[in-house]
Amino acid sequence: MLGDGILKGLAETAKNFAGSFVSKERMTTVEYPEERLPLPEASRNFPFLVYDGDDWEKGLRCVACQICEKECPPKCIYIEKSKDKKPDYVGKPQIYPAKFDIDISVCMSCQICVEVCPFEAIKMNTEFELATDDRFGGLLLDRKELARSNEYYHQIHPTEASEVDARLAEEKSKVEAKARAAAQAAAAKAAATPTTAIPSTPLPGKPAANVDARPASTAKTAEDNKNAETRATNEGEPKA
Amino acid sequence: MIERLDQVFVILKHWLLGYLPQSWQTPVGVVISVVCIIGLYPALFAVTTVLERKGVARIQNRLGPNRVGPYGILQPMADGIKSLTKEDIVPTSADGVVHFLAPIILVVTVFMGFAVLPMGRNMVLVDMDAGLLFYFAMGASTELSVFMAGWSSRNKYSLLGAMRAVAQMISYEVALLLSSVVIVMMTGSLSLVKIVEAQNHYSYGLPHWFIFTPWGLAGFIMYAIAGTAETNRSPFDLPEGESELVAGYHTEYSGFKFALFFLGEYVAMFSISGLGSTLFLGGWMAPLAALQFIPSWIWFFGKLFVSMAVFIWVRGTLPRLRQDQLMNFAWKFVLPMCLLNLFVAGLWRFMGDGWLRWVVCSAILILAYVSIGREGMRRKHFGPRSYRYAE
Amino acid sequence: MSSSGIKTERLAGWNRPPVIESDGEGELLEVAMGPHHPSTHGVFRMDVVLDGERVIKLKPVFGYLHRNHEQLGQSQSYLANMPYTDRLDYFCSLTNNWAYALAVEKLAGQEVPERAEYLRVILAELTRVQNHASTIGFLLQEMGASGTPLMYAFREREKILDLFESLTGSRMMCNYMRFGGCRVDASPAWLDATRKVVDGLPAFIDEFERFLMTNEILIARCQGIGVLRPDLAVNAGISGPMLRASGVNYDIRKVDHYGIYDRFKFRVPLGDHGDIYDRYMVRMLEMRESISILKQALKELPTGPVMDPKAKIRNFRPKPGEVYGRIEAPKGELGFYLISDGSPNPYRYRIRPPSFINLTVLEDMCLGSNVADVVLIFGSVDIVLGEVDR
């Protein structure tokens, strides 16, 4: 009969009208900014640099390897290496970025920098209320603005952060185990050659009981470099 | 007490007039009523714009405007201030006088229609013997202003839009008139007050509204369709469609003049709903005899409100008809049904009281509706289709 | 067309549109339905010549959104191109990713683990559902239903986008497929959420169909308008739902057997008339088929890795060669043609965009119809300007 399709359509809208007062499904508006929807854990917006501990300069994980700068598709990262070194999370002296700028008006949130970073130093932030009225430099974030603590990382991406922490702890324990083995080998070698009266205790100034990776042997640093290289070229692992 | 509540505005007016000398009373009385109408309907228009936006929003599962004032009630104030403070752009090649007069003529003629609508018991501004005729004369004048708007803009797109709008309004004017002529035929009078009086009795507690007769129901449906088309409301709003090529006859208007066009459209909607409820729904009558204690003007405005709600509901649901389909519909469906309705109404009168006339009249109307509907769809192979899947 | 004195003459060969001459009375109106228009899906211009209300000539003009995608592709590494493919057809970023990943995997001869293949199918079918729902919503919006069906379609689309966000990190620019698999694995919680959304979809499609199938106004405006003949469609290289609505049985999922589509039972709906109504109903039925594929895939999803362990992320240099990889994107056949010369950047990177190719027959479909129909016909082609202009 002519007109019944129209009547069915009218019934449909009446149902939606009535439903919008009673059911959440039919009234989907979230009144921002008074109400906000929680973001899912995996959501990503712009990158940030992770630092361990309290001091952002000392704890910054980034070693200015410039891999993210090379892989970034729109080339929005600008890194300048420092002249001196500072110790990283295993204690080994590494260079750090003197300048690390990301232009977030160019960044397209593709997350490739996170995927290729071998040092778990750059991760994705979820903040999106970044509007500014400074047209020229307002969206160019330098390393101070980009640095966030590991606790903050745990807050926004809990499972990811726990996995990263587990990986780093594993690496650290491996490095420590190697250091311990090397120290034992050096001590054994020193004990095996009685002519050389070089004390087997470590050099003065370094705590003896603390078996962190601060030995004097250069063979250790060569091995450490190799470890860093294998980590840098480790392409097979999907990083979450 | 109920009497007094029902007649409270009349009593108020007479009390005010009592303070004036005799010779002044009639003109001042008229002026008071006119001022009331001119003050009331734009206020209703303001409320309706908010209700429309919120109603359509709720249909679409979202909230409407709710930032300006509690629940968005003060939104029309914001809209009014916006339209008043906008720059009034008049194209240099436009015909200045006609361009200026078009919205004014629209608003004036639309308000004139209210002069004969009875808004409550004893609450009509002018009780003309040819009230219905006067109303339709004023309604037809609105088409003049639409064409003036399109012509004066010197813009071929607005002219196209205006011509489409006028063609649509003229076709549906015929349908509107014919569906009202049935009422005139049955009551024998053109005066709207007498038409309401003709419906003003109850049997078994149910009212004698004309819509409760077969010819009245068909007439009401035709009137509703034609009324929607007259005021360029969805689904007949191609002349002012936003996603079509031409933006309509009011393209070149900005600021307050545009707001006047908008006002004119909504007040025309009120006016047509008012007339529709007077003709078919009993005007200011209560729907049940038991409810007569509620004042008559409340019933009139209640029916107006319900009609607006239906307008908004239909707007939120149906897509637009194309122009030629619109005209086809008017001349090939609505007009024949209206003519048939006249015949059926006459048959009703001459068959005398009883159940037989109900059956015969309903049967004729339903048969006609079904056959015209089916014929129209079949000729173009329209209809739901079934689909096959690849093997 | 002959009723108003306009003569038509069909020239030989499909590639010249028929010449319609006006009988000289009244002047022709030349209109640019310009880049700023509420119902051209993006910045797109149509130069239309009208005789009264009928269209005599129509020339689509685009390029307003050209962003140099192919040139950029040739100056960056293969991985860096992946986020740019998201932005081609920005409604369906996951299928774009898959097409590119497929092409590169063919080029480099990489294998994809099973779980990754299932995840790819699940995400592609979810993308298809939300794309078709949005397209139908936009059709009704252009017809003047003041946005109501559009809001219903977007309500469902939001659910699917929330799923994308919790898996890939972003609602629209997903950047999820990699050469050799997918970037991250889907957790059981995500799979449960997906199952819930998929279970709620048939009710929504029923609601939508009630709007569409029997609404007389819609039928009057869509049936018989914008007819595309099957032979013209095949000659012009049309693909996707537009082709199937004209009655040609060609679905790349069935023809190429890419991915693991052979393992799923699904049907390919075909239309008979090739008008706007058929195109929309074909899309509606395809949504239902997608839901059945989704249910099967979610049931059979195996465990395992989601990335080929031998795949390299950095310094990826495929062997020299050329490849053309294509998939059935929601809009048609999306293909990537790559030539590699052994360096980290592609030597030639060319995209076969379905929207662009489907637009070439716009004039043939619109000739002789009303101006009001041009907007509807244009909407039924279902284009996205990001793909047309790249």
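Note that the chains take the letters A, B and C in the order they are written out, and that residue 1 is the start of every chain.
Keep this in mind: a residue touches a chain if its C-beta (ideal position, glycine included) is under 8 Å from a C-beta of that chain, and two chains touch if they have at least 3 such contacts.
Fair warning: this is a prediction, and the values are worked out from it, not measured in the lab.
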Discussion item. Per-chain Cα mean versus the mean over all protein Cα atoms: which chain has them closest together?
Written reply: C
Discussion item. Looking only at C-beta pairs that count as contacts, which pair of chains has more of them, A-C or A-B?
Written reply: A-C
Fill in: Inter-centroid spacing, chain C versus chain B (mean Cα positions, whole Å)
44
Worksheet entry | Averaged-CA centre spacing for the pair chain C and chain A, given as whole angstrom | 37
Item to complete: Give, as an integer number of Å, the spacing between the C-alpha centres of chain B and chain A.
Response: 66
Item to complete: Give me the residues of chain C that touch two or more other chains.
Response: 148, 152, 155, 213-219
Worksheet, complete the sentence: Going by residue number, chain B touches two or more other chains at 59-62, 316-318, 377
Worksheet item: On chain A, where are the residues touching two or more other chains?
Response: 2-3, 6, 9, 12-13, 16, 28
Response to the item:
In their shared complex, chain A is touched by residues of chain B numbered 55, 58-63, 66, 313-314, 316-318, 369-370, 372-374, 376-377
Worksheet, complete the sentence: Interface with chain C, chain A side, in the complex: residues 2-6, 8-9, 12-13, 16, 28, 39-44, 67, 71-73, 108-112, 115-116, 124, 233, 235-236, 238, 240
Practice prompt. Provide the residue numbers of chain C that touch chain B in the complex, in ascending order.
Written response: 29, 31, 33, 38-39, 53, 140-148, 151-152, 155, 213-221, 223-224, 249, 251, 254, 267-273, 277-278, 281-282, 285, 370-373, 375
Worksheet item: Where on chain B does chain C make contact in their complex?
Response: 56, 59-62, 156, 234-235, 237-238, 241-245, 315-325, 377, 380-385, 387-390
Discussion item. Show me the residue ranges of chain C that touch chain A in the complex, using the header's touch definition.
Written reply: 76-77, 79-84, 148, 152, 155, 158, 162, 165-170, 173, 175, 178, 181, 183-185, 207, 210-211, 213-219, 306-307, 309-315
